[in-house]
Amino acid sequence: MNAEHDNSGSTVTTTVLGADEIILNMGPQHPSTHGVLRVKLKLDGERVVGSECIIGYLHRGVEKIAEHRSYQQFAPYVDRMDYVAAVSNGLGYCEAVEKLLGAEAPPRARVVRTILTELQRIASHLVWLGTHALDIGALTPVFYCFREREEILKIFEKYCGARLTTHSFRIGGLQYETYDGFEQDVKRFCEDFAQKIDEYETLLTENRIWVGRTKGVGILSAEDAIALGVTGPVLRASGRKWDIRKAFPYAAYDQYDFEIPTGPAGDTYDRYLVRMEEMRQSRRICLQAIENIPSGPIMAKVGKVLKPPPGEVYHSIEAPKGELGYYIVSDGTTQPYRVRVRPPSFINLQAFDRMARGALVADVVAIIGTIDIVLGEVDR
Amino acid sequence: MANDPSEKGPAPEPPGGKAEGAAVPPKPAGEGAAAPPKPAAPAAPAAAAPPKPPPPPKETGPKPVPLDNELVQRLKARFGDAIREATLDRKQAIVLIAAAQLREISRYCRDEEKFDLLTDLTAVDWPKREKRFDIILNLYSFNKNERLRLKAHAAENEAVPSVVNVWPTADWLERECYDMFGVVFEGHPDLKRILLPDEWQGHPLRKDYDILTQDTAWVRENLGIESGQ
Amino acid sequence: MIPAILQAIRPFIIPVVCGVVIVGVFPLMAGYIVLLERKVMADMQARLGPMRVGPHGLLQPLADAFKLMLKEDIIPAHADWFLFWVAPVMSVTMALLAFAALPIGPAFQIADINVGILFILAVSSLGIYGIVLGGWASNSHYSLLGALRSAAQLVSYETAAGLGLISGLLYAGSLSMKDIVQAQSDRGVWFIFAVPVGFFIYFVGSIAETNRAPFDLPEAESELVAGYMTEYSGFRWALYFLAEYANMVVVAAIATTLFLGGWLRPFPGYHQTLPGTSIELLDALPSILFLVVALYSLKLTPRQPVKIQKIVMLLVAGGCALLALVMAAALFAPDPVKIGIHGAFWFLAKVGGYVYAFLWVRFTFPRYRFDQLMRLGWRFLIPLALVNVIVVGSGMIVQENWGWRHPLLSAIVTTLIMLGVAVFLAYDDEKHQATVQAAGGE
Amino acid sequence: MTVDKILFAFFAVLAVASAVLMVTRRNIVHSAVFLITTLLATAGIFLELQAEFLFVVQVILYVGGIMVLFVFVIMLVNLDVSLHMLQFNRQRFVAAALGLALGAQVFFALWVGGHSLRLPSGASLQLPPKNSEAIGDALFRHYMLPFEIASILLLVAMIGAVVMAKRKV
């Protein structure tokens, strides 16, 4: 059902035993391609000698839709791109439009946005960790991860009524005030979460099999990463200390202390460690932010009908997967003339071929997992 | 917007280079001053700055202004006429260049100006214009912590030089651009559709493409359903 | 005429009946092992597991079997239909055939072959054909890769596991399952304490042989979808599962027989009796265990939210109490009956423990990669097993000729030596790996 | 005993039939399967003769070990090629005629001189019950030297194979 028999591709190579190179078609329905990614692998035995990613199965034309919606109407659509980190998508879009308008969200809104986005980062990384471990054969962490993610989703639900595609922010600020007990909920989660991360790490970090499966697998040097446009944790694990939260602080990130973890070797294990540390740092940001949420309005005065002056703007945020950018062109009407999304997954996925070459089939799933793609965002 | 020193003000997009340069137009001094130290530690003042209730956004708003900093001067000195125009829109530097020179300018930007990350490559369709496409390259320099946007006009059937061998990441981005707009990149190793099926007719993000003109034949043949509304 | 035929087939009647019972009953048992696995997994993963079909999901195996039987039997296009059809049957036949020589307690054994343990090994090694041919016949790359992995893995780990067994067999001095247990009874010690390293090697090897995590590469769902059974559906697929669980029980039974004292109770050499009677104290253990479970279930009964669950809990408690009674009654029965019943209890309990260890490992560890698996097998386990055989053999000679009378003395010495060897091998392997990586891949 | 005879006939027919099928099958994997069947049927005859050890060795080594590797290698080879090759060349009629002639001769010889060919009878009853020990005794006492020589020969062959394979990798 899944394997395509690409006989034309099975060229006979003249190796010693006359062993064939076979074309293995992974996906679009495969348990560990994280959605509907299709990878065509050229294998020599079990070793990958070439690969091609075939994407687009989830293409919904988000950018085209944007041109036929008003600025506010389009906001919910962005949640459907990286549906694992909808809040981050929303933040990027709202801030981009605010920038286009020349408006600015009030401080209270910015802090709440920061908290929710960081919670979302933790949730996204938890999904990554669980599925990544599952791909590598560890069956148990995924349930622990989803247990904690559930707590985060509950906070989202209490805040805005939705769990997954939240549409929690509005252009100009927030629609909803925080609910009573928001601070306590976040605080309780953050306090519990510290030991939960340790729990995951006891299962994985020093496990010989885990280390064997991830160390030295899918190495991506910093030069390659930059040449391939890779951003986010994947770039950081390659040793480049770059995070948009520090480089171009947005929301309220300039008010908080946090570290940018980096990895030395750029292999799957380093990416694992980097993301684990990022979860800790996100927790730290949340704890700092929750201590002191400024009071005041939550919505800037942007008006009901948004008509940004003609012009264009590019605004990007550090989404859990990398740099999520919005390039919006306005022609002065109520609908954006062009919305371009710079999806981190799409561009990071491009590095797959570089990372997978020479690896084994088993490494392929580890590499797909470690890039942390969401096909909704790759295909848009 | 100028009097709206958001927390993004200090560090963001194009500051580093132009700060020393003819500190351009109606920017508040604050921004220029904060810019040179590139480690973007924009610090409290910006954040604490009261979000001044912006004037009704419909009337006044950010407007593109001409830009003339050192980077632009260097570019102009090097490429002359190929640098058509440089503007600053919402504090973001945009350089309009000749499409034919795209690869050379890209290489120069990468090697000499250290814009080593091609953040994004896309296009915008302006069907009424003589050269209908804007090719947009968003660059980023780790060294300067600075962004730069290259923009080139391209006519419908005009081949644009590919920048894949400058930034390998342009591979998929150019394919997507071709897929969505039908912009042909010359020198691309494998220019084919990426998101849409290979046999699809039409380029969806063009302005003259809509639900009535889309490829219903493909859908009927391959999926066995009637598409559209 | 008819009496003549009866005369001719008489010796075959009992084995055939036993065979039919095993073939008939084991699938049900396997179903419940699956349920157990899912419950254990759920417990380790902080959730409940199947709860819908029957109280606490107790009828889930039946529902699964029913569903699988009703499912469409798909044969992929261009598949080799005959091999595709016959492969799962082969797998399951060979797995069930091995039960012929398994002694479930001294009383229940179909055939006591004098090379019993070899027979079981031989037959269970044939199960590989079901996997290899099924994978090949499916005409799918995933299946083929799974089949190839499986063949390579089985050949490698069978060697290691076999060598691990040999070190135990040195102590046993026989290949007959009954004699092996008898030997442990005579020496008064389970062989796991005499050759712990051999047991460890066999444990690892047996996980790999049965394709269980972390060695489940032939069916690694995240890489090869389902490996050799990717294209199978319905009942054929169920047959593969049946074979896998049957194999698990078989390897557990081998380990139990050879290393864990078979049907002997713990401390077989301890004969303290209850004052005034001939009942040994430790023989009361099964009754006490069942009684404890019964009391615990009774205690849980009021806490069940639904009435049907309360009833089930009560039934469980009652059943356990009944078993406790049976166990206690067996103490006063004549020796063959007593040993038969108690032996079966201990044997099944040990097999259960071994299977539980399998599950535990599965839900704790990630999966090996294929080259790592081969490296572990060939560079670590097999050399270790070879050295182990030599060291244990030398230990026995020393023990018998120079009079280290205490059975555990040589065990301790040989184990310490083997630990040294293991550390050396692991170190050597890491060094080798480092040089390989420095040379840029293999 | 009749059951014995039935079993023997079953195994014998199975062995011969699968041997024939092994030669005549076009699909190389099917051939391998029939070879396995032949070996298993032979093993069954061993078991019937109460030579359990021999049975087990036959199954473990030949069926469980060597044939697994056979099948393993066969699967790696491109099968489509063998399917399109000519399986028998034109000598097959000559070969069949010769084979029949030879068979007829053997049959004739047995038919005529069968009475002079006396097989020892009832040997199985005189075997010690633990024949694995007997085999061990025989191999490691009486035939120690041939056994060791054979082992060394196999070792040399194995090392040779490894060396040859390695050099080309």
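For reference, chains read A, B, C and D in written order, and residue numbers begin at 1 within each chain.
We adopt the following convention: contacts are C-beta pairs under 8 Å (C-beta built on N, C-alpha and C of every residue); 3 or more make two chains touch, one makes a residue touch a chain.
Treat the numbers as computed from the prediction; the structure is a model and nothing was measured.
Asks: Per the definition of touch at the top, where is the C-beta contact count highest among chain pairs?
Replies: Per-pair contact counts point to A-B as the maximum.
Asks: Where centres are the averaged C-alpha coordinates, which chain has the largest centre distance to chain A?
Replies: The chain lying farthest from chain A is D.
Asks: Distance-wise, how many Å sit between the C-alpha centres of chain C and chain D, to the nearest whole number?
Replies: One centre to the other, that is 32 Å.
Asks: How many Å are there between the centre of chain B and the centre of chain D, using C-alpha atoms for each centre?
Replies: 75
Asks: Quick one: chain A and chain C, Cα centre-to-centre, how many Å?
Replies: Roughly 43 Å, centre to centre.
Asks: So, what's the distance in Å between the C-alpha centres of chain C and chain B?
Replies: Taking the average C-alpha coordinate of chain B and of chain C, the gap between them is 64 Å.
Asks: Enumerate the residues of chain D that touch no fewer than two other chains.
Replies: Counting only residues that touch two or more other chains, chain D contributes 76.
Asks: Any idea which chain B residues touch chain A in the complex?
Replies: 1, 4, 6-8, 11-13, 40-44, 46-47, 51, 53-54, 56-58, 60-64, 89-90, 92, 94, 116-120, 122, 124-125, 136, 138, 142, 145, 147, 149, 167-169, 171-173, 176, 180, 193-197, 204-205, 207, 209
Asks: For the complex, give me every residue of chain C touching chain D.
Replies: 8-9, 12, 80, 83, 113-115, 118-119, 121-123, 125-126, 128-129, 132-133, 136, 144, 147-148, 151-152, 154-155, 158, 175
Asks: Spell out the part of chain A that touches chain C in their complex, as residue ranges.
Replies: Within the complex, chain A touches chain C at residues 1-3, 5, 22-25, 30-32, 46, 133-140, 143-144, 147, 203-204, 207, 209-210, 212-213, 216, 358, 360-365.
Asks: Show me the residue ranges of chain D that touch chain C in the complex, using the header's touch definition.
Replies: 1-3, 27, 29-30, 33, 36, 52-53, 55-56, 59-60, 63-65, 68-69, 71-72, 75-76, 129-132
Asks: Within the complex, which stretch of chain C touches chain A?
Replies: Residues in contact with chain A: 41, 44-47, 76, 78, 139-143, 145, 213-214, 216-217, 220-225, 230-231, 362-372, 437, 441.
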